[in-house]
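By written order: A, B, C, D, E, F, G and H. Residues from 1 in each chain.
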Amino acid sequence: MAFGQIAELGDAVVDLQRQARRGRPEAVFCQGKTPEQIVTITRSLLKAGQNALLTRIDEKKAESVLGEFSDKSPEYDAQARCLAIRVSPAPPRSGIVGVICAGTSDLPVAREAAFCARFYGSDVETASDVGVAGLHRLLGQAELLLKAKVLIVVAGMEGALPSVVGGLVSCPVIAVPTSIGYGANLEGVTALLSMLTTCVPGISVVNIDNGFGAGYIADLINGQDGLTCNTTSSEEST
Amino acid sequence: MAFGQIAELGDAVVDLQRQARRGRPEAVFCQGKTPEQIVTITRSLLKAGQNALLTRIDEKKAESVLGEFSDKSPEYDAQARCLAIRVSPAPPRSGIVGVICAGTSDLPVAREAAFCARFYGSDVETASDVGVAGLHRLLGQAELLLKAKVLIVVAGMEGALPSVVGGLVSCPVIAVPTSIGYGANLEGVTALLSMLTTCVPGISVVNIDNGFGAGYIADLINGQDGLTCNTTSSEEST
Amino acid sequence: MAFGQIAELGDAVVDLQRQARRGRPEAVFCQGKTPEQIVTITRSLLKAGQNALLTRIDEKKAESVLGEFSDKSPEYDAQARCLAIRVSPAPPRSGIVGVICAGTSDLPVAREAAFCARFYGSDVETASDVGVAGLHRLLGQAELLLKAKVLIVVAGMEGALPSVVGGLVSCPVIAVPTSIGYGANLEGVTALLSMLTTCVPGISVVNIDNGFGAGYIADLINGQDGLTCNTTSSEEST
Amino acid sequence: MAFGQIAELGDAVVDLQRQARRGRPEAVFCQGKTPEQIVTITRSLLKAGQNALLTRIDEKKAESVLGEFSDKSPEYDAQARCLAIRVSPAPPRSGIVGVICAGTSDLPVAREAAFCARFYGSDVETASDVGVAGLHRLLGQAELLLKAKVLIVVAGMEGALPSVVGGLVSCPVIAVPTSIGYGANLEGVTALLSMLTTCVPGISVVNIDNGFGAGYIADLINGQDGLTCNTTSSEEST
Amino acid sequence: MAFGQIAELGDAVVDLQRQARRGRPEAVFCQGKTPEQIVTITRSLLKAGQNALLTRIDEKKAESVLGEFSDKSPEYDAQARCLAIRVSPAPPRSGIVGVICAGTSDLPVAREAAFCARFYGSDVETASDVGVAGLHRLLGQAELLLKAKVLIVVAGMEGALPSVVGGLVSCPVIAVPTSIGYGANLEGVTALLSMLTTCVPGISVVNIDNGFGAGYIADLINGQDGLTCNTTSSEEST
Amino acid sequence: MAFGQIAELGDAVVDLQRQARRGRPEAVFCQGKTPEQIVTITRSLLKAGQNALLTRIDEKKAESVLGEFSDKSPEYDAQARCLAIRVSPAPPRSGIVGVICAGTSDLPVAREAAFCARFYGSDVETASDVGVAGLHRLLGQAELLLKAKVLIVVAGMEGALPSVVGGLVSCPVIAVPTSIGYGANLEGVTALLSMLTTCVPGISVVNIDNGFGAGYIADLINGQDGLTCNTTSSEEST
Amino acid sequence: MAFGQIAELGDAVVDLQRQARRGRPEAVFCQGKTPEQIVTITRSLLKAGQNALLTRIDEKKAESVLGEFSDKSPEYDAQARCLAIRVSPAPPRSGIVGVICAGTSDLPVAREAAFCARFYGSDVETASDVGVAGLHRLLGQAELLLKAKVLIVVAGMEGALPSVVGGLVSCPVIAVPTSIGYGANLEGVTALLSMLTTCVPGISVVNIDNGFGAGYIADLINGQDGLTCNTTSSEEST
Amino acid sequence: MAFGQIAELGDAVVDLQRQARRGRPEAVFCQGKTPEQIVTITRSLLKAGQNALLTRIDEKKAESVLGEFSDKSPEYDAQARCLAIRVSPAPPRSGIVGVICAGTSDLPVAREAAFCARFYGSDVETASDVGVAGLHRLLGQAELLLKAKVLIVVAGMEGALPSVVGGLVSCPVIAVPTSIGYGANLEGVTALLSMLTTCVPGISVVNIDNGFGAGYIADLINGQDGLTCNTTSSEEST
């Protein structure tokens, strides 16, 4: 378990060894960082030959970054608040990640999840506005439910959708509570607790509004066959 | 809005006028009362010509009461922890109250709801163990869902069942969270919050494990046509 | 239990079958939607021959919608933040929904409840600023309390009004906690918990500030006699 | 502000100077103390010429104490869990303390409040089971409400009674939440928060189930005229 | 217990009988009201011959009111956010209300308490910035502590000051938690809970930042001797 | 998405179709069920040719079940409170599930997770008492950390272990908070919240003490390659 | 930062290297462990030449341990629930640790703190029942307050004592909240939050009822001069 | 325990005796104070010959103060929001305070801690962005971990860093939770609870984002050898 490369950038220390150790580069959480800091960290990743994923980056900050790395075909999704710059293609995955959300207000989180899973290499298919108030909208997505290797289910308010989806499928479900709703939703805590106490096995949960985390773990699961990341990373770390 | 009859029984004051004012006699919550207190209050209700509903009465206390009023054909449901003694029949209702529960552990609360709705005059039909983990069990109850005039939906854990039921029916749904579950269920608070933040309109909520309250309000709704309680009660109060 | 019509509008999926299934069209929650999205969804409802109810729509968004559908006599209540466009009259109801609020600060929620109950067909009568600090103000509303078929009671702070009203009447009470108050009101959570733990049976509760939900369920109860919605809807769904 | 007398009894340090400083001797909270410790502390108070008030003392512990001080005419109220031994009469008060409770389950707390207010010198009158579910029971106590110089109002569940009482009277109201109820009552926290956010001025609140504290402060208020405690105490402290 | 006068002002209903019933006119909580509403309600109070107390009124709204009633010598305290207009002098009180606060940040709440107690007739003396971090600052206020008939103690953060003050004095203490602090102060909830669980008897608590409520109840206590409000008010109500 | 077989056993409804639909039979949560109910449900599963997994079954109940099915070689783990009866072997999995726990007190939950993952077919390896207080104990498990296809990490108190493990590995981590600890651990809520807010991606969380859920999802992930469950189950359901 | 010795004892892994790395052996938390497990772990510590500290050990378990190691002069304090067995004397400390508690009910926690600080080598002096309700009891301990090098202050209920003590002294204060109290004390959470939001700098806080933790850190601070633990431990680890 | 000097500045009362009593002057918390108030208080400290530490002072307020005292070489750190003006050098300390933070977003709190510890006399060394997601970054700081006499560990999100650091070192650790994170971090409460329930002894905790408090207590510990503050301060107070 050898440790290794870091990039010391003033107060920030980029964990360049993470690609080798964990099979994926460190992502850059942009909330609370200045455009300059973001550019500096991004450059250090690219310089180390690693792809850069920037999350929670609003349009204003994104402009600076897009301008700076315009020669590297950066991709930006404003609704997902994500930006990607690749220096090498992501490894291929055999399965499909499904991303389903309950209401249109949950879309930003769902799109963040989809963006991140794609960044790491997964094929992603999505379905939105299929909440439990009208079950036929969900059942109309049976094809996606059955073919996905992992499902990300995003919901706010009472957070019932993961339970209903979980009862129908045989793949792992990653539930993402959102802060959508008002009053007794307690800014997402109710959906979070609801998902954790689901009567349906096969569901695990990430933090409120954590689309990134859901996309990351869905891709991890999707990638757990054939060529494992460990193999890749031990090679890279030599 | 004339006020009136009470029975002063030492520290307890029985609101005998409630029958006239609210169309239903005062129910006796037995938790924390001695068998003697329960018998005394029950006797004062019967003496005033009112039916007696005793809730949260365990088997030991029930024995005393059943013995005391054995000549009045008392009914006791140990699982529901309810006991009824009637001196006159309940008024007839035109509709059916449906009581549905998610798991077998929710049965005591569901049975309390059914017992109480029946006590006040409603016909009740029930379906148990139809939680969202296996939707076909619920859809198998379509007949009940469509014919009920009011539905009581009882669930613990994540409390998703009322949302799913509510999305399918056109009658009012009374949701009853239960304390069933562990950990993040927070002794029923999670199911409670979940039901309150449902994305489905047409659902209102009562306290955790409050089968009595759900049965009462379901019967109230069921009785809101033809002969209203007000009419009955103004006659009785003269 | 046949499922059916939906309108796929990009990310939004309008549940057009809801009118047939639940007796009422899907309402449009406007918070977090753009004017364009609101107009598109509204148009799809009207095109399907369904009335449109828009809730939580502020004055700026309302202007766009009012302009777009000026030929359809839209109604807007800025304090209630609700907008209605009808293509057919609502079904008649036999009873009256009473809406009572504790303080003038609770009025926006009370008006939302009244607007929505009226939209679905109920006659509504209201009384405001009758909180428990001066009981005679409430007792002065005895006529409304006695004639209503359902009562919506709106209160913030300690949320005591539903208990007091509930003790006086023989119809179902829908309690609506509001976020009015400060400090230990915990943004409405205190009023919510207080209403849920009422010592008075016959009261059920909806989410904090959820005037829409209260109006919806009150009209549901009001409509539960003679011609049931189910009958109506099975006809409509053929 | 001279400090002074204490009695060092092993780990316990009795604040004998409290009588002089605060006009009332230290009370002995018996929960978690052994009968021996209780007897020792009681003896040190009596020896210093001070009356002894023992709170939260169950019947078993009370027996030991009653036996030990049988020559001093101890008074014990098992429901209030309070025991008093006097070596001198309490100072006379000019007004009456009213103690009102919502339900019979709240009686132990109400009786503790009454016992303690009487111990310190107040005349106390009580009314029980006058909760807001039947307002006429409360209005039947109008005489007590109008003549009391201070009112202690004890209630569990939603804790609405102090607000209703407060709106009717012109004296200070001390509200005591109790842990009576279940589910969303959160073991008394709901009643506590409810009382704190009352819309009625003139009400202040003590801890859940704190009958002792309510009785103490009610007597303090009752004693705030003519002969103040300060005068008494400075004499005593010389 | 005759009920009576109200002023119906559109949605607002002013309880003009409160002066007679409770010995004090209704106060006007201005947060969330427009200047026009405030002026209308104020005028109805003055017209009924009652003094007007306006709380939580910011400088902008105050300007409108001050302009409107400039002929009535209105008093405004911007830090306390309170405004008073008198048509008759307040009744004299025999005692002094002491208002003590822990830090300078607690001053707005302390000044609100002082303003309101004075409005109702009490003489008020104050001491600020005497928190427990430097006990000698508090002990330097011994004179005030000993002569006050009631003490209002205002503190944020850990809210320890009421306990320390309460242990030193023989008069009732009204504790007011404030939202001052950060992090684990939970916007005042920590100070609130701390004051409620004080180990010192003689302290009761009002809502977070509720200076008005503290001033009201302190004056109530201060007025509880000789001529009671009840007497006064029954005369006034004839 | 055909629905199908159920076994109606009085109040319990066993979802026999779950094996076909989700690739795994319904597990029997024994807490709150009588030995008779457990035996009846177990028999219906075995009769349908499905393996039976009984969780949260204490030693006393286990005895009854072990006696009843002694001919079917039942396996019982008292510490895990799990019991398994197989009628057919579980499908083979290609990878290893690692189960790691922070302290010896977390063992019951860890063993439940291991038992369940094994029941569904996974090979499981475990390491216990490797909490972050002595990192070398964890680093001594490097081999397991690197070879596992999924890791279940069980911890109470501050719940830091999943973050530390997650930072070292390239496989998905299922974090299981336990109720171990006291005081500010809030019966597991602190560990739960801590795991949800981890700074390390690749970690998802299940309910407090939910070893079963963790084992289930770990096996789901482990089984997501080659022969998918869907294939298997459609065959079985014919 | 070399890692090293462990003792693998079935499921338990004793961190024998902790003595060298952190200057203190691992303590044994006995709650939830069997007497056999406790004896086994204790033996492994003694065998490695390390002193053994057993915490949260009740009298029954203590008997087994005392019997087993009767030849090693074990010390047991039943109130503190701590047991110590030494094979070598603790290192000498230059300063004194003061342990102060607010009420006699806080004594078990205070004694645990004192026992543990002494076990690690500190001289400890104590003062009990010096809560803020009678400040003179605290000021009577001025000598201890001034001479202590570190102070441990233990309090339940509102937890005000650390703030008052902290304002008087120039040494670090370790505050220990206890679960003593009822109602709004929330089982110690109120005291915990109160201590964390103290207005007095120089105070840090440990978990509710965590006397062990307080004693440990107090001794750590006491030992931070002259001969540091690091020096000692690097020698030992060779 | 003589009390003494204060400076009465209108509503503010500066505790000038604190330097003598506690060995450190009163710090000025600038949030919620006007520049004028800050200047006045600062001047009173300097006039009394005491150094001035201003915390939570934003750049705009800092400008006023820097301008006013430009002749006294004020130091300002905008990120730490701290300003220092010295009239005499701080006393020398023998040890080093280490300040470590988990992420770059935690830097403002870490810098506040460092600034304050330095102000009181400590030598401070820092390491940032060494969170548990990449342990090698932390282990790379082994030198600092081993030589520090006290460590301040700052972390948001799950707050795991203090546990990991605490397990490696033999000096006291002061843990500072930050409000960094989102959703289930509950604005820092999760990190706070996590740190309090650490499985690692030797760690105590201060309020969320309380860098000042951590720096103060770290310096207190650092100063607890040889020349104690008490000695110094009694000299100074003569």
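Following the convention adopted for this analysis, a contact is a pair of C-beta atoms (placed from the backbone, for glycine too) under 8 Å apart; a residue touches a chain by one contact, two chains touch by 3 or more.
Only a predicted model underlies this, so the values are computations on that prediction, with no experimental measurement involved.
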What chains touch chain E and also chain G?
D, H
Neighbouring chains shared between chain B and chain E, ordered by label
C, D
Averaged-CA centre spacing for the pair chain H and chain D, given as whole angstrom:
44
In whole angstrom, the CA-centroid distance of chain D from chain F equals 53
Find the geometric centre of each of chain E and chain H from their Cα atoms only, then give the gap between the two centres in Å, rounded to an integer.
37
Pull out every residue in chain F that's touching 2 or more other chains.
133-135, 139, 167-168, 183-185, 189, 192, 196-197, 207
If we use the touch criterion from the header, which chain pairs count as touching?
A-B, A-C, A-F, A-H, B-C, B-D, B-F, C-D, C-E, D-E, D-G, E-G, E-H, F-G, F-H, G-H
Residues of chain F defined as touching chain B within the complex:
3-4, 6, 11-13, 15, 17-18, 26, 32-33, 37, 177, 179, 187-189, 192, 207-210
Please output the residues of chain C touching chain D within their complex, sorted ascending.
102-103, 131-135, 157-160, 163-164, 166-168, 181, 183-186, 189-191, 193-200
Show which residues of chain D lie in contact with chain B when the two form their complex.
104-105, 107, 128-130, 133-137, 139-140, 180, 182-185
Which of the residues in chain G end up touching chain H in this complex?
1, 21-24, 27, 94-95, 139, 142, 145-146, 149-150, 167-172, 174, 192, 196-197, 201-207, 212-214, 216-217, 220-222, 224-226, 228-230, 233
